[in-house]
Amino acid sequence: MKDKSWHFYLPAMILLLILWYVISIIVHLPIIPSPVLVMERLGNIFTQTIAIHALYSLWRIIAGVFLAIITGVPIAVMMGYYKKCDKILAPIVYLTYPIPKIALLPILMLLAGIGELPKVIMIFLIVIFQVLVAIRDSIKTIPKEMFFPLYSLGASFRQIFLNILWPAVLPNFITSLRVAMGTAISVLFFTETFGTKYGMGYFIMDSWLRVNYLDMYAGIVVLSLIGLFLFGFLDLVENYFCKWKKKV
Amino acid sequence: MITVDRLYVRYDDTNILEDINLNLPTGITCAVIGPSGCGKSTLLNVLAGLQKNYQGLVQINGANPSPKKQTIGFIPQNYGLLPWLTVKENILLGLKIKKEAKQGLPRNLVDNLGLSNLLNRYPNNLSGGQQQRVSLARAFALKADLLLMDEPFSALDAITREEMQDVFIDLWQKQKVSTILVTHYVEEALYLGQKIIVMTSAPGGIYKIIDNPLFSDKNFRDREIFSSLSKEIRNYLKKAGSKNER
Amino acid sequence: GSTTDEKEVADNTKTETLKIGLMPDIDSIPFIIAQEKGYFKEEGVDVELQYFKSAMDRDSALQSGNLDGGVSDMLAAGFAKAGGFDVKITSSTNGNYCLIAGTGNTAKSLAEMKGQNISVSKNTIIEFVLDEMLAQNNMTEADINKTVIPQIPTRLEMLQNGKLDGAVLPEPMGSIAVKNGSYLVNSSEAMKINPGVMVFTNDSVENKKEVIKAMYRAYDKAIEYLNSTPQEEYMDLVIETAGLPPATKDALVMPKYMKAALPEKSDWDKSINWLNKKELVTEKYNYEDIVSDILTK
Amino acid sequence: MKDKSWHFYLPAMILLLILWYVISIIVHLPIIPSPVLVMERLGNIFTQTIAIHALYSLWRIIAGVFLAIITGVPIAVMMGYYKKCDKILAPIVYLTYPIPKIALLPILMLLAGIGELPKVIMIFLIVIFQVLVAIRDSIKTIPKEMFFPLYSLGASFRQIFLNILWPAVLPNFITSLRVAMGTAISVLFFTETFGTKYGMGYFIMDSWLRVNYLDMYAGIVVLSLIGLFLFGFLDLVENYFCKWKKKV
Amino acid sequence: MITVDRLYVRYDDTNILEDINLNLPTGITCAVIGPSGCGKSTLLNVLAGLQKNYQGLVQINGANPSPKKQTIGFIPQNYGLLPWLTVKENILLGLKIKKEAKQGLPRNLVDNLGLSNLLNRYPNNLSGGQQQRVSLARAFALKADLLLMDEPFSALDAITREEMQDVFIDLWQKQKVSTILVTHYVEEALYLGQKIIVMTSAPGGIYKIIDNPLFSDKNFRDREIFSSLSKEIRNYLKKAGSKNER
């Protein structure tokens, strides 16, 4: 966290706030409220209102992404490592990836009801493909010589996974998680608009509908901070696990 | 016992190895020497079970080469260290995979190879010669049935090289492990190989197999036969190389 | 007399386009007819109809100056006003919102639906209508279980498949559900509430007064046409243009359309009361604050 | 295209169709129509109706992704290569990436109206971050020794870019495009629902609102095929430019 | 003219190079020899302008080492080939960057290095020795002001190695390019270096600089002084190595 602490973000934050402020003054419409007013509103409603929404969203994102990881990584590893697996699964992935998951929402609700499950599943469905494609492709870029030491030791697949596939893919995996997190946050807008009264997606959408732009922007700010928090967490993970990459 | 019978390896449409025949009893050390690009590494890869695309019969102790059955200590030309493991972890990798890691780091070996101060470094932060010694340590620590070494001392200075050669000779004398090593140095071949195989290039084949009386003789350079034998091998090498283009 | 009047208007407004946002519901039908039958042209106005799939997109377009006005409702107008957008209600429209009991639900009245799942979209005209119905039955929100599902087709689907006990649906979806075997419990029409309105930005009301008036004349012509023509004659066209389900054709009985008129004051009072009570809007806007008398002046 | 032709996809297609068929029989509801009916409908309406929608969507996706590439790649390269650039821009990216772009629709409409422009910009805004993060991260993983030959020749930045950065990053770039394409397709649902009567997003949404599930599914099938087409195109590009990667 | 004055290089907190002082006139060839990990590659990196983190004065013809001003032919220990370029493109890379590619591939050089048949291959499909020769070709094609070679012949068999050494000597005699090469072989140092620098390790420093009368003498092995000189250097090496741990 050394170089990703407050004074890493502070200048950028201030810059963005100034930019926002200037635009809000130029446009001078309630559709772009001044950041001062938004921050004020945020301060007023955070603890009573937004905090609970943020927690709901956080849990759904984490659950969805977690599900995507534990099912996506094994499949991706198999696809990247075993040509045969790839031959069978790649066309299925290529065919199903572009299916617009949002259009499947009615089916999902029909099958999974309107509780927490379909929301998590929707995040899962969208994120898993990104994890899948990124990991599969990055396993394929490992030069085959990299495997020789382990092959020549007669390593089992598990050992190859632990000693080569996983460490080699980790940086790309974290990148794909970064991308997926961003997507997961966007997806909240589909998933948190039905069958719930909580979640940042619900909150922002509701504020929008109510033409309450102050609330809406306060929500956007909080969502960005959630994203920032998740990104920062990934940075920590990367620093910890990819020590060997550190350049002098 | 290593048996190779009519071995052919091809990439695309050209033969890389052609009609290789070999019979090496267990416990022998054998030096392979030959022109650049003649297929020495390829031959080692076949024996290590890494190159599976070949024709002909290759057997190690009566079975197909398979690292699952035999313990093979393999030192590839580019050292084959894993960049995300420290030196220590790289050395222990082989033992870990063969489920013998509990015996711990072979301190003696590590000392002899001059690695004691580098144990917590990552390979990327090592010099070429240091990396090569880590690779040696990994293979030697294994107590392998078969040692395959591809130019194992190439990145070492003359003095260190000789020390490492002695480490190997010691090891061999203790464990009598069958060894095939590729080298570019006639002297090295004469010191480390009971048999010396000279290869031809394009396509790679066996030009001559020489029985070497100088093996493991510390003073082999001073023996009478040394200069005649080394001249002979250099001659073979020249002919083998000029047979075709490199 | 009237012909010269029209000419004058036509001359004044030749260059000005009126952009109106529509949604796939029956309030939009008169506009489609007026466009198709050339009534707008006859009145000398150039009306551009923009179709939206969600209220949010429509409101964003309105608030960002991409529309002059649109088919909307009193609650949206109240929200906009509270959000700092000077909008004016200019007339009421002819929407209808139905409370439907799901397939397999034996309830025949709202009172019998105590404790059941009733689906609405939150903080919208839909929820407002349901709350009004509850109030009429001396019930409160706590007596039923409101389930939020914003997408209308999803609500319809869940209702028809027995995943919901009830739902509030706009026309023509309500009629379609009834046609498919669900039961119509109540409707805004039956309760004589009508929160559906036309909304224009204050800017347009002030600067395009004549254009809007001309537009309303064409609108009224369309209403005359609608009320005097069998619905088979125009239904196909309307379904296609508005983006309504094909089943509308058989299921929907067209309501008696009213010519453009100012909305009832009582409807506005109910709406703003509801907004205030739910603390969605804090100010209590008067009928005069929000309704423009452009039609009557 | 050799191994990505029809007989690569055919088995997967048949499998998916069978799966779909079985589900449609089990569920037996109009919301999951039988693929036979959908295909029939697709055949009937493709040329008169869907083709034009598909073309609109294709152009918007390509325009948005193209914009994202030509602006995103240079920025990402600067960020990945120059530590200082990264120091300045990374926090801005980290802060703005999680901002839900959909919530910016009102602003976008304010600035760009409701014509083609906001649709392309929306795709651009969502895709550029994915391209940015992926390329930046992958440039950072190039080992520094890789640069030595060019440094020692006194190469200019342009030469380093052409000879190292670009070829080294290309495989990851294509992966990120694969992921981004999938996202771009999902985004159609926000972007094509206002101010237009064309586009697959519009078509599917419209069919949905009309409760015309046959049309809706026909649209989903076409959208998947568009995705497949774009993926196949990327495969071709990869095969062509990454020849050196081919394994024996 | 290469001037190095009180050069220090450190990684983390340990000195890798310590107090290096050197003065080499233009056009000289100089062989560097020293124990594994003593800092030879690091020294070359400093001279090539790749390692900028150093203390002390380093000047090449009166200016800081900078590949933009001088044309430097650099052969790194790991060959430094770009995997996405064919052999031909790799060889031409230097010329292209120095904007001299129009003169085309130096056919003669490519023939002498035995690469004519490999021009359209990618580096990953070459043997170690072949890769090394491609790297040599790239550096030699450049007509460099300064040639820095890190163990340039280490992956070549004895015969090929001697041929390549002769290619270098030819080149040097035509262009009189200043050269610093790292080698592990005393013989190689004696054949190719007008001066021979012996380094100590941990931290790396200069132990001895020897003037070598045997330079470029094809029959240097048969000269009287050969065996005494090579013994002397081996002795220095031993002392330099044992001074500290490797």
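Residue numbering begins at 1 within each chain, and the chains themselves are lettered A, B, C, D and E in the order written.
Criterion: a residue touches a chain if its C-beta (ideal position, glycine included) is under 8 Å from a C-beta of that chain, and two chains touch if they have at least 3 such contacts.
Here the structure is a predicted model, which means the values were calculated and not measured.
A.B. asks: Any chance you could name the chains that touch subunit A and subunit C both?
C.D. replies: Touching subunit A and subunit C alike, sorted by label: D.
A.B. asks: Which chain maximises the distance between its CA centroid and that of subunit B?
C.D. replies: C
A.B. asks: What whole-Å value do you get for the distance between subunit D and subunit E if each is reduced to the mean of its CA atoms?
C.D. replies: 48
A.B. asks: Hey, how far is the Cα centre of subunit B from the one of subunit C, in Å?
C.D. replies: About 84 Å, centre to centre.
A.B. asks: Indicate the whole-number Å distance between the mean C-alpha point of subunit C and the mean C-alpha point of subunit D.
C.D. replies: 37
A.B. asks: Going through subunit C residue by residue, note those that touch at least 2 other chains and give them in order.
C.D. replies: 56, 60, 63-64, 151, 153, 157, 161
A.B. asks: Quick check on subunit B: which residues sit in contact with 2+ other chains?
C.D. replies: 11, 78, 124-125
A.B. asks: Going by the contact rule already set, what residues in subunit D reach two or more other chains?
C.D. replies: In subunit D, the residues touching two or more other chains are 29, 31, 106-107, 110, 208, 248.
A.B. asks: So in the complex, which bits of subunit D are touching subunit C?
C.D. replies: Subunit D reaches subunit C through residues 29, 31, 105-107, 109-110, 113-114, 193-195, 197, 202, 205-206, 208-212.
A.B. asks: Can you check the complex and tell me which residues of subunit C touch subunit D?
C.D. replies: 24, 50-54, 56-58, 60-61, 63-66, 151-153, 156-157, 161, 173, 176, 243-247
A.B. asks: Within their complex, state which residues of subunit B touch subunit E.
C.D. replies: Residues of subunit B touching subunit E: 11, 33-37, 39-41, 77-78, 114, 116-117, 125-130, 133, 151, 154-161, 184-186, 234, 237-238, 241, 245-246.
A.B. asks: Once bound in the complex, which stretches of subunit D touch subunit A?
C.D. replies: Spelled out, the residues of subunit D in touch with subunit A are 8-9, 11-13, 15-16, 27, 29, 31-32, 87-88, 90-92, 94-103, 106-107, 110, 126, 129-130, 133-134, 137-138, 141, 144, 171-172, 174-176, 178-179, 181-183, 185-186, 188-189, 201, 204, 208, 216, 219-220, 223-224, 226-228, 230-232, 245, 247.
A.B. asks: Can you list the subunit B residues touching subunit A in their complex?
C.D. replies: 45, 48-50, 66-72, 74, 76, 78, 80-85, 93-94, 96-98, 122, 124-125, 138, 142, 148
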